[in-house]
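Look at the two complexes coming up: chain A is in both, with chain B in one and chain C in the other.
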Partner chain A sequence: MAYPMQLGLQDATSPIMEELLHFHDHTLMIVFLISSLVLYIISLMLTTKLTHTSTMDAQEVETVWTILPAIILIMIALPSLRILYMMDEINNPSLTVKTMGHQWYWSYEYTDYEDLSFDSYMIPTSELKPGELRLLEVDNRVVLPMEMTIRMLISSEDVLHSWAVPSLGLKTDAIPGRLNQTTLMSTRPGLFYGQCSEICGSNHSFMPIVLELVPLKYFEKWSASML
Partner chain B sequence: MLGGECPKPCKGKWPTPPFDPRFPNQNQTRNCYQNFLDYHRCIKTMNRRGKSTQPCEYYFRVYHSLCPISWVQRWKEQIKDGTFAGKI
Partner chain C sequence: MSNSFSSTKAWMHGFLAKHLQFHIVGTFIISLGTATFCNFAVAEPGNKAYADFYRNYDSMKYFEVKSKAGIFQSAKGFEI
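Our next item is the complex of A and B:
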């Protein structure tokens, strides 16, 4: 989950998020290089006594500072498109889980076999146990099997919400009357936190999402116990 | 435990609805609705012809996995009341 003094993205839990992390590093480096170059040139210009009042043309430098940015943009666009297409690859999910946004909680439905559904409310700050995370913990976590491709179908029962889990690189809008699909694949077990990401009323900040990724055997035991 | 009975001609347990190339994009609303319609149309046609409704189980499995429970309940109520908008 997010941690104090965090500067970058959360650690990646899915292959797509790993790609996004590296892409972000790559693009941010380009941004820093360009910004520091520009800052340096500005500082040079402000601290020189030299003047040149008769510039007529500057064909060479104009060519360079047209071609070079074009190359830089291509260097950003190609990895970006690669990841975009990677996200759209057809995969065969092993499990389908539905989540419905409500004001102000999420409900989850696992209906591939039996009908399993439950609500997931935030734990109020006054009821937190020591060590639990404020505004992030829920009463019923979404237990899922790790290392398996899971189809997530997201919708809403009232207003717009958005189901987001940053460490998996997921954010999908929950729109009433529409069923949005996203694919979830975690490379490791653990707890992964997210928060509602579309303004939905007074308690928009108080309807978090907690995924509990466990080995398949534990998932099967849990789902049997929940029925 | 994962997976229930698989409708024919599938072997083994029902995992989850497979990729449907008719609905390749993010918006799966129509996927859910179409399978719901197809199931009821299949049942109606098989019953009319006096045949077994076993082949209709596939559509049931798909819509049951994909459609939110509240949507299915609402549509079933509408079918019962005769106010369902779809053609079955």
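Our next item is the complex of A and C:
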């Protein structure tokens, strides 16, 4: 989950999110490179009396400042495309879970074996127990097996929503009349929080997502108890 | 009234060119230095941290610790 004064991304809980973290480091390094270059040039221009007011042509410098940005863009695009294609690899999920966005809660359906479905509402601040997280806790969490590939099918019953879990690198729009798919694989057990990420009305900020990743035998016990 | 406009060409000393030559090198040193610093101060320690974390990682051990802390709805305590 996010913590106060956080500057960077949340710790990664899936291999894809680890790749995204490394990509973010790489791209931010390029951003700092360009920003420091521009800042230095601006400070140079502001601290000199020397001018050249009769430039007629500047073929060499124009070639450099065309080719160099193109190279930088390619250096950003190649790792980006690599991760994009990695997200779409065939990975044979062991489980499929459907989630529907509503105003203003999520509902989940586990229909691979039996028909299990439930709604997941935010716990109001006045009903939180000590230690629980404000605006993030829900009454029924999405319990899933860890270290297994899970297919998430996401849609909406009313307006646009978006199902997002930052530590897993997931954000998929929930669009009425459309079924979007994403793949989830957590390397660690624990609780992973997310929030609706597409404006959907007055309580858009109050429909969080909580994933509870546990070993498979606990997941099986939980799903049997929920039927 | 005499025209005081001079028709001789100004004699340039190449100060701007020398200034630019010196500072272009400085610009690249600073920007590449910033990028290198970002890489070795932020990116590499991050990569190392993840590699070290997962080298001897035992997910069941972490699950036991978190379960005993009582955070899971589906696994109260650590009973099998």
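Here is the rule we use: the second predicted complex is superposed on the first by the 227 of 227 C-alpha atoms of A that agree within 3 Å, B and C clash if a C-alpha of one lies under 4 Å from a C-alpha of the other, contacts with A are read in each partner's own complex, and residues count from 1 in each chain.
Keep in mind that, in the parts below, a residue touches a chain if its C-beta (ideal position, glycine included) is under 8 Å from a C-beta of that chain, and two chains touch if they have at least 3 such contacts.
From a predicted model like this one, the values you see are computed outputs, not experimental measurements.
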Which holds for A:His161: it touches chain B only (first), chain C only (second), both, or neither? neither
Quick one: classify A:His102 as touching chain B (first), chain C (second), both or neither. neither
Using the superposition on chain A described above, determine whether A:Ala224 touches chain B (first), chain C (second), both, or neither. first
After lining up the shared chain so the two structures overlap, which partner does A:Phe32 touch, if you call chain B first and chain C second: first, second, both or neither? second
After lining up the shared chain so the two structures overlap, which partner does A:His22 touch, if you call chain B first and chain C second: first, second, both or neither? second
Residue overlap on chain A between the chain B contact set and the chain C contact set? 219
What residues on chain A touch chain C, complex-wise? 12, 18, 21-22, 25-26, 28-30, 32-34, 36-37, 40-41, 44, 48, 50-52, 140-141, 143, 146-147, 187-191, 212, 214-215, 217-219, 221-222
Chain C residues touching chain A in their complex are 15-16, 19, 23, 26-28, 30-32, 34-35, 38-39, 42-43, 46-47, 50, 54, 57, 59-60, 62-63, 66, 71-75, 80
Chain B touches which residues of chain A in the complex? 90-96, 98, 100, 109, 111-115, 117, 145, 151, 153, 155, 157, 172, 177-182, 216, 219-220, 223-224
Once bound in the complex, which stretches of chain B touch chain A? 1-4, 14-19, 24, 26-29, 31-32, 64-70
